[in-house]
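Below: a set of structures, written as structure tokens.
Next, two complexes with subunit A in common: one pairs it with subunit B, the other with subunit C.
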Partner chain A sequence: MSILNVNYAAILVDGLSFALPLLIIAIGGIYSERSGIVNLALEGLLGFGAFAGALFVASTVGLFATGSDLPMYLSFAFAALGGALFAVIHAVLCIKFMANQVISGVVINILSVALTGFLTSTINATFFGEASERFMLQTSPRWDIPFLMEIPIIGAAFTRVYPFMFIILIVATFFWYLLYKTKFGLRVRAAGDNPQALDAAGVNVSRVRFGAVVISGALAGIGGMSFAYSISTNFSPAIYMGYGFLAIAALIFGNWRIVPTFAACLVFGLTRSAAFQLLPVFDASAAVIDLAMTAPFVVTLLLLAFFGRSNKAPRALGELYDKSKR
Partner chain B sequence: MTKNSGASPQDNQQQDHEPHDQRDPRHALNSLNKSLDKATRMVTQGLVKGFGNERWQSLTIPLLAIFLSLLTISVVILIFGNNPFDVFRGLLAGAGWWPKENYGGGQSQLTDLVGLATTLTPLLFGALGVVVALRAGLFNIGVAGQMILAAFLATVLVGYSDMTAWLARPLVFLIAIAVGALAGALIGFLKYRFNIHEVVSSIMLNNIFMLTVSYFITSSHQDPVSRNMRAASADARLLTEPVQLGEASARLPVGFLLALIMAFLLWFFLTKTKQGFEMTAVGKSPKAAQYAGIKIGRTVIVAMAISGAMGGLAGVTHYMASVPSIAPGVLPGVGFDAIAVAFLGNAHPLGAILASTLIATLVSGATYMSSIVGVRQEIAALITGMILLFTACGGYLRSWLDVKKRSLADANANTDDNATKGGDDA
Partner chain C sequence: MAEQEILLEVKGVTKRFPGIVACDDVSLDIRKGEIYALLGENGAGKSTLASMIFGLYQPDEGQIFMRGKEAQIDSPNEAVALDIGMVHQHFKLISNYTVTQNIILGDEPKKRALGIFPYVDIKNAEKRIEELSKEYGLEVDPSAVISDLGVSVQQRVEILKMLYRDAELLIFDEPTAMLTPQEIESLLQIIKNLRDQGKTVIFITHKLDEVMEVCDRCAILVRGKLVDVSETKNTSPAELAAKMVGRDINFSAKRPTKAIGKTVLEVQDLRVEDSSGFPKVNDVSFEIRAGEIFAIAGVSGSGQTELADAVAGLTKVKKGSIRLNDCDLAKLNVRKRCESGIAYIPEDRQSVGLVLDFSLDQNLALKSYYQAPFCTSSLLNPTAFAERAEKLIEDFDIRCARGCKTTTREMSGGNQQKAIVGREIDQDADLLIFVQPTRGLDIGAIMAIRERILDERDKGKAILLISLELDEVMDLADTIGVMYAGQMLKVAPASTLTTNKVGEYMMGVTEND
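Presenting the complex of A and B:
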């Protein structure tokens, strides 16, 4: 195999199909952190969201016509719901019970891994009568976009695309608009930068933060469901691959802003897919996949080392909102 | 604990036997309300009595968290149609705290306890690593990566040679400390020099270490049967020759005593030495520490190096004693359980001993419990998660108890017959 017959189209599509779920999870993180709540729970939220979506698919097998894509689309709604519900725990712990936000995030992650693992195998054994620790999903359809796919070079990005990529683009655009162009978005950003001012303006800081954390759970759930479809076509505890933390790195690298974060996600996605396609050229063993998978993590560290110093977190990030403080 | 759990059922009974006018529903509702008020007041009083003493709160609050999580888990177990007490007894029996129905050849309750100590050792080392970092205000979730890297290098460098046990085992410990310390110091360096948050960098390094090690295992050190890394020689492994324990025999974990000693050493270091004090000062307030002339960068890196060294020790005591060898592509769960242990133990080295005993009991009892009771063994991880969840609320509980204690004191200071009105403080 030579460097000439590497599948460059696959680098683009695979890169995007990894970058977009990462983006939507990172946008979730941005909402939470811009509102002042540290969110290390993204990993657990994306896993629980994917669990909820996959549980919906697994429990409605036979209700839909075979070959119907409807359960796939609905699974994203349920994933968002599941992620949002699980995020309520984080919101309650951080806002009502005034827990340390970092600890709470770690707790959510540990709890999510344990709970989904336990529930998946128990539900499989109790209700579906099989000893399995995964919920199978049907294969996602892949689309070729007419006309766009014929553009030279970048046209490759429009062949064999996953439907979830469009779902994510639409949702991401909506939440970009919500954060930067609406009153609610302004309040979220104020809650993280100057909660006292927001309070003085007569807005309930806790409620805004609660909403932002729940949104972060819903978005992480959508991202997790996308990973479940693109990486493995099933839900199993293998979904906890550290991508939630990669999303955190992306949003820190993107300076807690959505558009630069998108760029960071693209860098991760393309590095990953390029490593997958290019490394086998130099080393044909199967083990090399492991080495290829280190690529996004190494790149993250290097990028953070070179560009991370100028970053500025939201000013009230991680602080409990205390009315009496000025 | 007995005080308040006993109080509410008693109260409910009283309410059932109370003679009241059956024909007037409003009256019944009124008296129900009154007794509910009374019940909540008694529960509050009981809670304040049991947990209000600040001196013991670092012990009583985790106990309450454990009790609440067991209560929640019991409900989950009941929902799936099993008896919670069977599950808890199965967990205790599997870990050696309770006699099993019958034992296989060469096994006894004593060998189960030895097994528990073997499981506990890496957990305690890992937790000590997290504790040291926490004291310096750092959150080391890189224990898992430090474990896998140290165990891999120790196995390759010593485990595949034909050194005698007296040379090999100390060398394994030294390599673990050196490799772990370097891997930990790297996180501290990245934080100090490049301002990369330690949580982000340690997650990245976890994955980098795990995947790189797994590349080397699958490409050159794989056992063809188990698909795991080829195991180290018996002389390098951290288990003694089989020792006769009554009728049964077991291999004793070499690192167990070392882990206990290390916990006391770290306690001494953190509370009684200048270096340890500086570390705590940096953890409490970096700015104040800097003003006092403490070198922040050096303290951060040293703290992370010690933390990483503990992670390395956890690695060798796990992969070269507790389990046969490294499985490629998986981060050790111990590295994350260690975080739970550290929090549960109140970020205190000696608290970590108690907490690691509890978590190790859950981990090592799970398989036996599952085979006897038929509840999935993941329930053990779920219990750990729930304990952590309630522990995270500990701070809130403390302030709640404080408020209640004061309001109760106020109420008692008033006249005694006023007490019926005091019920609305729930």
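Presenting the complex of A and C:
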């Protein structure tokens, strides 16, 4: 195989199909962290969201006409719901009980892996009568976008796209608007900078933070469901690949702002897909594919070394809100 | 002033915190359109009382009436609904937001784009804020970001925040504490303007001259109790001060010098540079003898702080020598210097003097925790900490809600400073360095600390006092050194210098020598 035979269109579209779920998870993280709550639980939230969506698909087989895409679209709603519900644990621990936010996040990640693995096997054995640790999903349709796909070079990004990419673009735009243009967004960002000021302005800080954390769960759930469709076409504990942590890296490089975070996600996505397509050119062994999977993480390490100092976290990030503090 | 309608009435309000009664059966009424001062020392309960009016705390007993109607103020929200506003001592502003965003936060004007999508209408808010700032003479750029603004402008933003919410009763909690004299002047003018435009103001302070200048009436609180309410035009600062401290105050604490002994500290040709190589302390030489207070006067930034840091070992010395009791300090680190007999009361008590989130007993042992009796065979001994703390609390009248287990962050500034002074004096060092020891404190605490400094001198300690308050230098010093632009411009016995003369040296004037 020569460098000329590399599928450049695949680099673009695969890169995007990885970058967009990462973006929506990272936006979830931005909501939580801009409100002042450290969220290391994204990994667990995306997994639990994907579990909830896949459970919906698995349990409604036969209710929908064969070949219908409806269950797929609905699964995203259920994934968001599942992620949101799971995030309530983090919110209650951190806000109501003032637990350490880092520990809470780590515990939720561990809990999510164990719980979804257990539930998947048990539900499969009890209700569907099979010994399996995964829920099968139907293959997602892939669309070619007329006209746009004919643009030279970037047109490749509009061939064989996943429907979830559009869902994510719409949801991401909505949450960008919510964060920067509305009352709620103004309050979320204030809560992460100076909660005392927000409180003095007569706003309930806990409620704002609670809302932000729940949103982070819902968005992570949508991202997790997207990975379930694009990477494996099923739900299994193999979904815990560390992409939640990659999303955290992306939002840190993006300085806790949505548009720069999108850029960081694109870098990660394109690095990953390029590694997949380019590495086999030099060596066809299977081990090289495993190496390709590490590409986004290697890039993360390099970026951290160079840009680690230049970013500014929300001022009150991780600070328990205690009214009596002077 | 004619009899006016009463806007706010406080009746028999009591508030207890664990171990302390912050407000004890306080009753007062505030008339519409007056400036009403709450005067008292730190910890007298002024802020607590104001916080109850603003709904941050709820009284344990008593009632609050607003416009004649009983008001249950459970949160700032309800206070705002009753047209009460408050400027806190530490501003409540979002640093990366604009002036406008800060002002509208919590009360955002909404609009709908295309009739569907709600958004915050910044443009209209900016217009409204501009109008308000013109109306009340509060100059501010609505689109500026808070972190780019100075303290006094941020304070104007806080005032605008209240006006934006149509507040009628404005509470200012120690508003002049962080301002320069010029800024204070303009703030007082703003407050007068507000009154002239029909607002009512509660002004919390411990500075008598401010009360005399702007306030119509003045309530004095002592340890949570209301002791007096007087019309300012019928009273004098001395009278107010006496009531505030509960005893007559001797404004000048001059005491004759006792025996002066041998040289304790000798500084020769000392030079300290900043990171860019600019000399902050430039070839300074002086000596301090046992039983002598050597006070350094100078305008802020003349190199005094760097000089003190160099002696204490916190800054690198470029050249010159520092000798304590004939021992060269150059090679000694901070701990060794402490052990060889230097006590240091730093300028920034909160970040250098204390570990704010540690308890009082731990803070009081910060310099000696590693020695017996605090630490024996590498184990800390909590009873020793508590015993030492109880003794110092007693000796230095440190007021703390929960005894030696109080977190120092919860304590008032005056008591934090008393704790540091107590800890350092307890070191029994030969040389005590006091940098701005009374900054930001109330009269009672200032007097207590000045007495302590004189006591130590009379015990035969050498004292290096650095103060920006010329009065303090004149009152306490035996010898005065004046620093100007890093140089020691003049060293002379205090008795040979007048305040005016020292003031001239501080400005760098030497020609009439």
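Here is the rule we use: the second predicted complex is superposed on the first by the 325 of 326 C-alpha atoms of A that agree within 3 Å, B and C clash if a C-alpha of one lies under 4 Å from a C-alpha of the other, contacts with A are read in each partner's own complex, and residues count from 1 in each chain.
In this section, contacts are C-beta pairs under 8 Å (C-beta built on N, C-alpha and C of every residue); 3 or more make two chains touch, one makes a residue touch a chain.
Source: prediction; values computed, not measured.
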item	value
Clash-or-fit label for the pair subunit B, subunit C on subunit A	fit
First (subunit B), second (subunit C), both or neither touched by A:201	second
Which superposed partner A:107 touches (first subunit B, second subunit C, both, neither)	first
Partner chain in contact with A:248 - subunit B first, subunit C second, else both or neither	first
Centroid geometry (CA): angle subunit B/subunit A/subunit C, rounded to a multiple of 10 degrees	70
First, second, both or neither for A:315, with subunit B first and subunit C second	second
Per-residue contact with subunit A, leading partner among subunit C and subunit B	B
Minimum C-alpha separation between subunit B and subunit C after superposing on chain A, in Å	6
Of subunit B, residues touching subunit A in the complex	80, 139, 141, 190, 194-197, 199-201, 203-208, 211-212, 214-215, 218-219, 328-329, 336, 339-340, 343, 376, 378-379, 381-382, 384-386, 388-389, 392-393, 395-396, 399
Subunit A residues within the subunit C interface of the complex	177, 181-183, 186-187, 189-190, 193-194, 196-203, 315, 323-326
Interface residues, subunit A side, partner subunit B - complex	40, 89, 93, 96-100, 102-104, 106-107, 110-111, 113-115, 117-118, 121-122, 125-126, 242, 245, 248-249, 252, 285-288, 290-291, 293-294, 297-298, 300-301, 304-305, 308-309, 311
Residue numbers on subunit C that touch subunit A, as the complex places them	56, 75-77, 80, 86, 88, 90-97, 101-102, 104-108, 110, 117-120, 161, 409-410
